[in-house]
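In what comes next, subunit A is part of two complexes: it sits with subunit B in the first one and with subunit C in the second one.
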Partner chain A sequence: MLKLRGGIAAIAFLCLSGGAYAADPLAVGRQMLADDNPGDLWAQRGERLFHEKRGPKQASLDQCDLGVGPGKVEGAFAQLPRYFSDTDKVQDLESRLLTCMVELQGLTREDIVKNRFGNLDRMSDMEALVSFIGSKSNGMKMNVRLSHQKEYDMYKAGEYIFFRRNGPLDFSCATCHTENGKRIRLQDLPNMTDPKQMQAVVATAWPAYRGTQSTVRTMQHRLSDCNWQMRLPDLGYASDMSVALTTYLNRSGNGGMIELPGVRR
Partner chain B sequence: MAEPMKIRATLQGDVADVRILMMHPMETGQRKDAKGEIVPLHFIQSVVVTHNGKTVLDAQWSQAISRNPFLGLHVKGAKAGDKIAVTWTDNKNEKRTDEVAVTPGS
Partner chain C sequence: MKTIKIALLCTPVVVALGCASYPDQPTTQKIAETMVSGAYPGMPAALVKRSVQDRSQQICSKTGETTLSQQETAEVAQAARTSMKYPASGKLMGDWKVGAKLSYDGGGGRIVGGKVEKRKENGASCSNCHLLDPREVNAGNVGPSLAGYGAQRGNSEAVVKYTYEKVYNAWAYFPCSNMPRMGHNGHLTPEQISHVVAYLVDPQSPVNKK
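For the complex of A and B:
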């Protein structure tokens, strides 16, 4: 009985603390899974893949510069996307890994892109690598700087795309993500103009383990799925549009305490 | 090759809280692949947990267990530094064993 009353009190507290937006009904399950997240297995596998000699050039990714020095992964996620002088581009984690895998390991871009998202029949190396690198920023705060002109341009482009309505349904990201308490069926949608909600979103996903898909999904997957939901043409993997949106969103989540890989429905 | 498990064993009084994550496809034999062909049964059949070599859990699993399963159990009479080993065997006779030492609780 005591337990039951505690439960009711907890529910009441959740409702109260929810305040401006509906209390996340999945928060309880996420809490239970926090230390037992299957996503950690992806991070484990990613770590092995990162150091393994692979591809035609039989090289590991130990020379891959993710913005904090060759082979360094600690804190790499927290400052991405950023400008890289060797490619003269702003790159997010996935497009940068793509560059490294092509340049260092000699893998072909087509093969990596074909296998960018895993399914029930085969696993994706990219999803594992992203989980590993994301987890190496745990406990740090998101800190995307816009110190280079191109970073600022990407941020501005991302902001523009976020609010730009287009496609057959005349949707923009802002249609769903600029109000408190919006939902798609039972899924609460974060208000992405609220820095507090943005910090929570960016720092705990993506990469995140999706229970419904039995695998870790990445930011690129989330964005291409959003694009599909808006009935827009397929979002190119690691395309400028995806990097622009990621720059805008990650920057808006600056200050969020990173805890990756996350857990999502 | 089977991926390593992630095992945590934390002491709470004289009980070790053991939490195990395994990576396994756990095919039910009912799913069809992209070509429309049935994916054959592939699931963990037995899980054995030992505490310092003594079996404390011997489970027989079926295909009803989810993909990438999670298993939690409490082991009585454990001490810090004790060895907890987990072995799973699936219906294709693939095996995986991992071992951890019990860590003192906070």
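For the complex of A and C:
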């Protein structure tokens, strides 16, 4: 840990003296990885998994409707979360994939949720699928629309929860994410009430390859990580609360040019 | 003209129910609170309770530009004032060296797999948000810089008491500030806070060295 702290300090020092990256000391590493993003491997694996016949029903996901038609992945990420009439719910990419994997492939929800986040011993199919589908909106702009009443409800609930303080540290998302130029230690905190910053945040993560974890992480993972830091219990995977926050945040990033999977610390 | 426009905007499905639109505040609150109560399936009730707001947290959760009324501010400050507890010893200023360790420790109280992490004590997490020792590079800036805190204010009894209370429950002085109510919420014990106070005000502490 000491070593790590020294390393971060050294990088920060280099950057401060260099000047160019003073506002974002970790931009150097990100830039280095951007041209050679390991996350692309996850996207490739995801593409294979998407078309492979899997599960008790030996079916692929070619009939999975992510909101733009069965089996269609181009542009799907750009407009999620959205309302789906078959489930009568607003769903984000992960909760929608969960539905498809259960309904079409006959996989159990429990197994999928158990393997939702990968580690060095076990890869997560979800992380790969999300990388693949995310990458299929590259070059498009985020465009989350509100038309169904449940979409309006989700958006407003997400905004409400974003500002809702709770837990032993009295935190809400807003505690860290409503001002410009703030950091937790050396970690930059985007101001999530600024549309310009949100476009960059939402369109280039998540999914993103996390250098510190040697894997791609998803939005659900990011939210559960925030909850963990806030000292809250484990956030239910694909819970309505997580979808509400994602609806609020993704819509706030409308117009952002998508480039996924991204690269993060 | 207006009705025609509305009719055009509505899809046939929602026309029957009226045009879809943003829910009002009470409806939003009801929907969102239901979501929060359902967000932690399978978690022990004692931990889920952390997501239930007390009155002050409710007041401090106003969205966006909504400002607090004078009455709400007073209520939060009053609740904070009555929450104050002090170390049994009565000593509000402990050992700055213990405080130094606590201030840079950002762990404690986190939950994984439905269990609180095993630890002797929680860290105080100060440097996550504040600069303390002016030589430290790896410090956050969500809160104001506290470098030279004691050098600027001295270590009189009044300063020590204010500093202790500010860490125990900041909302007594700054209702709804970002600063967690460290003592009131039980994240830190009164004794731990006294050590953090020493780290801030003791003339020997690195915080007060140039």
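In this text, the second predicted complex is superposed on the first by the 243 of 265 C-alpha atoms of A that agree within 3 Å, B and C clash if a C-alpha of one lies under 4 Å from a C-alpha of the other, contacts with A are read in each partner's own complex, and residues count from 1 in each chain.
As a convention for this text, a contact is a pair of C-beta atoms (placed from the backbone, for glycine too) under 8 Å apart; a residue touches a chain by one contact, two chains touch by 3 or more.
No experiment lies behind these values; they were computed from the predicted model shown.
K.L.:
After the overlay on subunit A, what do you see for subunit B versus subunit C, clash or fit?
P.N.:
After superposition on subunit A, which the two structures share, subunit B sits beside subunit C with no clash.
K.L.:
Using the touch definition from the top, say if A:L232 reaches subunit B (first), subunit C (second), both or neither.
P.N.:
A:L232: touches subunit C, not subunit B.
K.L.:
Could you look at A:M140 and tell me whether it touches subunit B, subunit C, both or neither (first, second, both, neither)?
P.N.:
After superposition on chain A, A:M140 lies in contact with neither partner.
K.L.:
Which chain, subunit B or subunit C, is in touch with more residues of subunit A?
P.N.:
On the superposition, C touches more of the residues of subunit A.
K.L.:
Which partner does A:T193 reach: the first (subunit B), the second (subunit C), both, or neither?
P.N.:
After superposing on A, A:T193 lies in contact with subunit C but is clear of subunit B.
K.L.:
Looking at the overlay, what does A:D121 touch: subunit B (first), subunit C (second), both, or neither?
P.N.:
A:D121 contacts subunit B only, not subunit C.
K.L.:
Given the touch rule stated above, what does A:D36 touch, subunit B (first), subunit C (second), both, or neither?
P.N.:
first
K.L.:
Once superposed, minimum distance in angstrom between C-alpha atoms of subunit B and those of subunit C?
P.N.:
Least C-alpha distance: 14 Å.
K.L.:
Residues of subunit C touching subunit A in their complex?
P.N.:
11, 14, 17, 20-23, 27-29, 31-32, 34-36, 38-44, 47-48, 50-53, 57, 60-64, 106, 109-114, 125, 127-129, 137-142, 178, 180-181, 185-187
K.L.:
Going by the contact rule at the top, pick out the subunit A residues touching subunit B in the complex.
P.N.:
35-38, 40-41, 44-45, 120-121, 214
K.L.:
For the complex, give me every residue of subunit A touching subunit C.
P.N.:
Interface residues on the subunit A side: 5, 8-9, 12-13, 146-149, 151-153, 155-157, 159-172, 175-176, 179, 181-187, 189, 193, 228-229, 231-236, 239-242, 244.
K.L.:
Under the definition above, what is the set of subunit B residues touching subunit A in their complex?
P.N.:
Listed in rising order, the residues of subunit B that touch subunit A are 3-4, 6, 8, 19, 21-23, 25, 31, 33-34, 39, 66-68, 70, 72.
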